[in-house]
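Structures given as structure tokens follow.
The following pair of complexes shares a single chain, subunit A, combined with subunit B in the former and subunit C in the latter.
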Partner chain A sequence: MDNTITSQQMNPFDKLLDKLCLTPVGLLGLVLLFALPYIPPFNQEYMLRWLIYCGFIAAMSVGFDLTAGYISIVNFGYAAVSGFGGYTSALLVINMGLSPWLAMAAGGITAGFMGLIIGMISLRLRGIFAACLSWFFGLAIMGLATKMVWLTRGPLGLRTPRLFETDSNAPFYFLMVILLFLIYLACKLIVRSKMGLAFQAIGQNMDAARASGINPVYYRVFNFTVSCAIAGILGGFYAHFYGILTPDVMHTSKTVEVLAVAYIGGRGSLWGGAVIAFPFIFIMEIVRSTLSNLPGLNLVIYSLVLILVMIYYPGGFSYFYDTHIRKPKNKVLRYFLNGRK
Partner chain B sequence: MIVLETSNLTKKFGGLTAVNDVSMTLNQGDVMGLIGPNGAGKTTFINAISGLNPPTSGSVKMFGDDTTRLTPEKMCRLGLSRTFQIPSPFPKMTAIETVMTATIFGNESGKVKDPVDHSREMLDFVEFPMAETVVAEQLNTVQLKRLDLARALASNPRLLFMDELASGLSEGELNDIMRIINKISKKGISILMIEHIMQLIMAVCNRLLCIQFGTKIAEGLTQEVANDPKVTKAYLG
Partner chain C sequence: MSNNIVSKFLNWMKSAAGFSITATIVIAVLASIASGPYLLVNTIVTGGMLALVATGLTLMLGVLNIAMFAHGEFFMIGSLTAYYVFTPISNYIGENPESFIAVIGPLIAMAGAAIVGAISGIVAEKLVFGPLRKRSTDNWVMNSFLLTVGLSMLLINLHQLIFGADFKGIVGYWTGMPVSIADVFISRDRAMAFVIAVIVVSLFWFFMTYTRTGMAIRAVSQDITGAQIVGIDIEKIVLLTISLACALSAVAGGSLLFMYPSYPTVGLEPLYLAWFVVILSGLGNILGAVAGAFMVALLKVITVEYIGAGWDFVVPSALIMLILIFKPSGIFGSDVRGALDK
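Entry: the complex of A and B
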């Protein structure tokens, strides 16, 4: 909807940027992410680990926002679905000797299937009820992972082979950034197509959407499937990065972490959460490591920030950006922030 | 030609019978007014036909086919559009995007060559007073009703329901709406409109259907129904 200028008028660079759903400033941000491991103090291994976690939450928030920000359903089982993908992937590697790369993809597919099921059974439900259902679903999956000790070793944790046979965190970090970008691109291309219009319509007014000829079943189930498949792939990455998987990854508090980042970043923007995750989660990791005698403090901070944002700035960072930063007078700056549009 | 026909249509909400055994017919080219006191069941009646809230019993025939209990999206594709009493289109969408949804999803794919162009035409047609890039949540009720009408027209309906399109309008705006309704009718779209404003009803409707407590009390030519003692009594209480 937003490309009003026909693509013939654009030079190849702008065309490419547009295809990649990036603005010049977005591209710069991406380059910066790739350069970060070479810039002190971020070149230290423990900082890289934090950054990988930032990237993980960033990518999760993009997938989460596809559902929360577009069809207006909060999937409280998101972390559980992600963990389900992670366990699937880990178990395939451990028990069947599959390569972790293939297993990650398989984790994505099974998690997508899980999303399909959640999407189907929550179809008749609106907003908060669908959210509750996805939450219960998530709790059930987590319960299974905890209780099926013979398969998952329960709370003892599952040792999982890593994606790269190295002590360095750098390859994991680069992979994470690539994954983040690909996930962003996939979601953005979907919402740019006419499907995005259908998502927004059923998310904003179900009755008017249906009266306009939109079949909500198809779009809702599709949305859940894609969003959960993304969570599953990321769950696989998580499993094969940390090398240990416990049912904790499925906990609702993980979903809340993702939700907080997505909302603070700005619902329905896709990029807001991805951008905010890096400073925000990074600071949270610092807080967690320096105040390790106060476990749970990070959750308190999440809640506080979330409440403040919800009350004073419900549009989140992306809304702030769109209203106050995106439209400067200066032409060059304007191009830098918007691209050729 | 009969465009719409309901037979013994009934809608119950628990113990409350909101629509009771209503049979009516609407002919091609009709501009039929659906009148009745507040809470009579008018909105419930069109919701039951358009699929938003399917009837408890009875049947609906549209363009000669049985369409009882079809979903709203199916009814839309078959050529029925409707506006809402409380116009709340898509709050975060721009005017043009709002209309685009019905343009894209309300028509068979490929039928509309240029969706943006078509949507613009619809906004022009209803004389939408704002820029097409305005976000719906910034509009007032009167503007929203126009936008909702443009959205409803975008799927190229053959039959249009309008739910209190004119409530809250000033004298001047009433004349605009009258002209727009006549334009719609001229396009060959049959109309069933819920309305309270007698001035508008008398000016544009050729037939009236009056319901009270969910039951039909009169159906016929505008003058006849308007002068029917049962109808005047229903209104005066």
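Entry: the complex of A and C
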């Protein structure tokens, strides 16, 4: 494939794919995700429930990667921000009678506002200090959610109305896949624009970026806001899917779960975490449910994989894909994997 | 001459360190006058143990540049070891209450905790940090931090897998009447826990200040290249530091077994508090960490007393966030931060 093909020469299908930030193989994956509830082993309700959880973690890892992979700041309070969005949404529905759909959006907006605050107060800090600050922020939010019993019922959990009035999980699953795709698209469009370049510059070398005229304040705060707003919307989805919300969703271990998937998938790729979450989390859920006499085994495997990837293959799955799979000799296969770029 | 000392003292008072230490002491005294001396006792016992965990954490930061997230898990390892060492001992004591083991048994359990902690630290270095150090090209601080996150999760779940998630605790180490100081009754275990913390921290401080090995460790924390030039074996220092830091945390876990029974996530609370201490006092500052430990302990005790249990994460973390925003190098400052700030 020649890189000199301009967008005028592309056929409409390729143009559309390019607009949607997908490659043919990505489109196939998306179609597969939509078809999954009709394929025999996956058409059972409990499997769908797992798949929804996979999708949730996948979407979270995309939002997380926008911060961790591009501006190199690990937002350790990510799950807490997501839980904050979830609580906002749930409380709006319960106390004000808002429709869950609007409340989810409101959860996203408030969580985005939270991200704005984290972004602003962590401006002076770099690397590990910013991670610590967001971590403490998350701890504080979680402590508030646990202690404000009159509002959140604390550890007892808040019963929330579900988005769809059915017992079936299928509509939730389709909504999750659509959300995942929209989140991916939004992040990818941001990253593909001039802004993405600025993010990367800030992530690699803040001083050099500043010297070349990039205003780190604006870009860092913007990045945090978008990433946290995504977390808030997903938190709202979580609240209105499971129907019960406890402060546990804000726990640091949830952030670690998202972080592990994002890193195993590959930092700075956006799609890596989303792709890896489905098989990985799904296998973990199988391990958890079949070997229930060995509690914690799935998390042991989980953390072992994270440690091994961090040490021996820090690029993660997306690096592996880019170096070994992406450039085959066969022209058709090559088009299939890369699209017409 | 005395004038000189007074002016020096006044200057020190004006610095952030002097101000905060004085404020801590004043608040502690006022609070214990208002609500009773048990506040002061609680602060001192919690602070002593927190000092052990936090010095280990700050040592790891200063010397190895590892922002340890798994430090609480070594606390957990310590308490687990102490539990398994002390259970047969306490059975034996139950049969022969007069024997000499009744006095020395708990100390054996704590020593066991320290040894196992040190060994597990070395294992962690050999299996996890060593390989990363060989391969890591850039961004070591962040990568090692994330690695310790994985390690923490691994150890918590291994505990759950092997030993189960139930509480493994003991009734108490030393039986007998509580010690009474100024009308306050302190259980013997608490008093001993504080004594042990004081002894271990002062031994550790002595070791770091006056022995050649301690000086070598400090030299490495200041400048690795310089230390290498004067012939310090970095590999050995790294191993020694990591085992010391983990042993300190494990001793804290072992000697607090009567308060914190061993269960998979027991290490999270000491970890959070130790991180508060480290941020408060500045990374890599050992004496600062000791002072900071008492401040955080006081803050926690006062929060629990006046605002309510459970708020002891909200208030300290809000305060630590303020510190991070306005004085990121901590109130005692430190030179080590430059190395971490990459």
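Following the convention adopted for this analysis, the second predicted complex is superposed on the first by the 331 of 341 C-alpha atoms of A that agree within 3 Å, B and C clash if a C-alpha of one lies under 4 Å from a C-alpha of the other, contacts with A are read in each partner's own complex, and residues count from 1 in each chain.
Just so it is clear, a contact is a pair of C-beta atoms (placed from the backbone, for glycine too) under 8 Å apart; a residue touches a chain by one contact, two chains touch by 3 or more.
Fair warning: this is a prediction, and the values are worked out from it, not measured in the lab.
> Look at A:Met310 in the shared chain and tell me whether it touches subunit B only, subunit C only, both, or neither; answer first, second, both or neither.
A:Met310 sits against subunit C, while subunit B stays out of touch.
> Going by the contact rule set out at the top, does A:Gly143 touch subunit B (first), subunit C (second), both, or neither?
second
> Is A:Ala260 contacted by the first partner subunit B, the second partner subunit C, both or neither?
Second partner only, subunit C.
> Subunit B or subunit C: which reaches more residues on subunit A?
Residues of subunit A touched, subunit B against subunit C: more for C.
> Which bits of subunit B are touching subunit A when the two form their complex?
That would be residues 50-52, 71-73, 76-77, 81-82, 84, 88-93, 97, 100-102, 104-107, 148, 151-152, 154-155 of subunit B.
> Write out the stretch or stretches of subunit A touching subunit C in their complex.
72, 74, 121, 124-129, 131-133, 135-137, 139-140, 142-144, 146-147, 252-253, 256, 259-260, 263, 294-297, 299-300, 302-304, 306-307, 310-312, 314
> For subunit C, which residues are in contact with subunit A within the complex?
Its residues touching subunit A are 67, 128, 131-132, 135, 139, 141-143, 145-147, 149-151, 153-154, 156-158, 160-161, 165, 264, 268, 272, 275-276, 279, 308, 310-311, 313-314, 317-318, 320-321, 324-325, 328, 340-342.
> What does subunit A use to touch subunit B in their complex?
1, 194, 197-198, 200-201, 204-205, 207-216, 268
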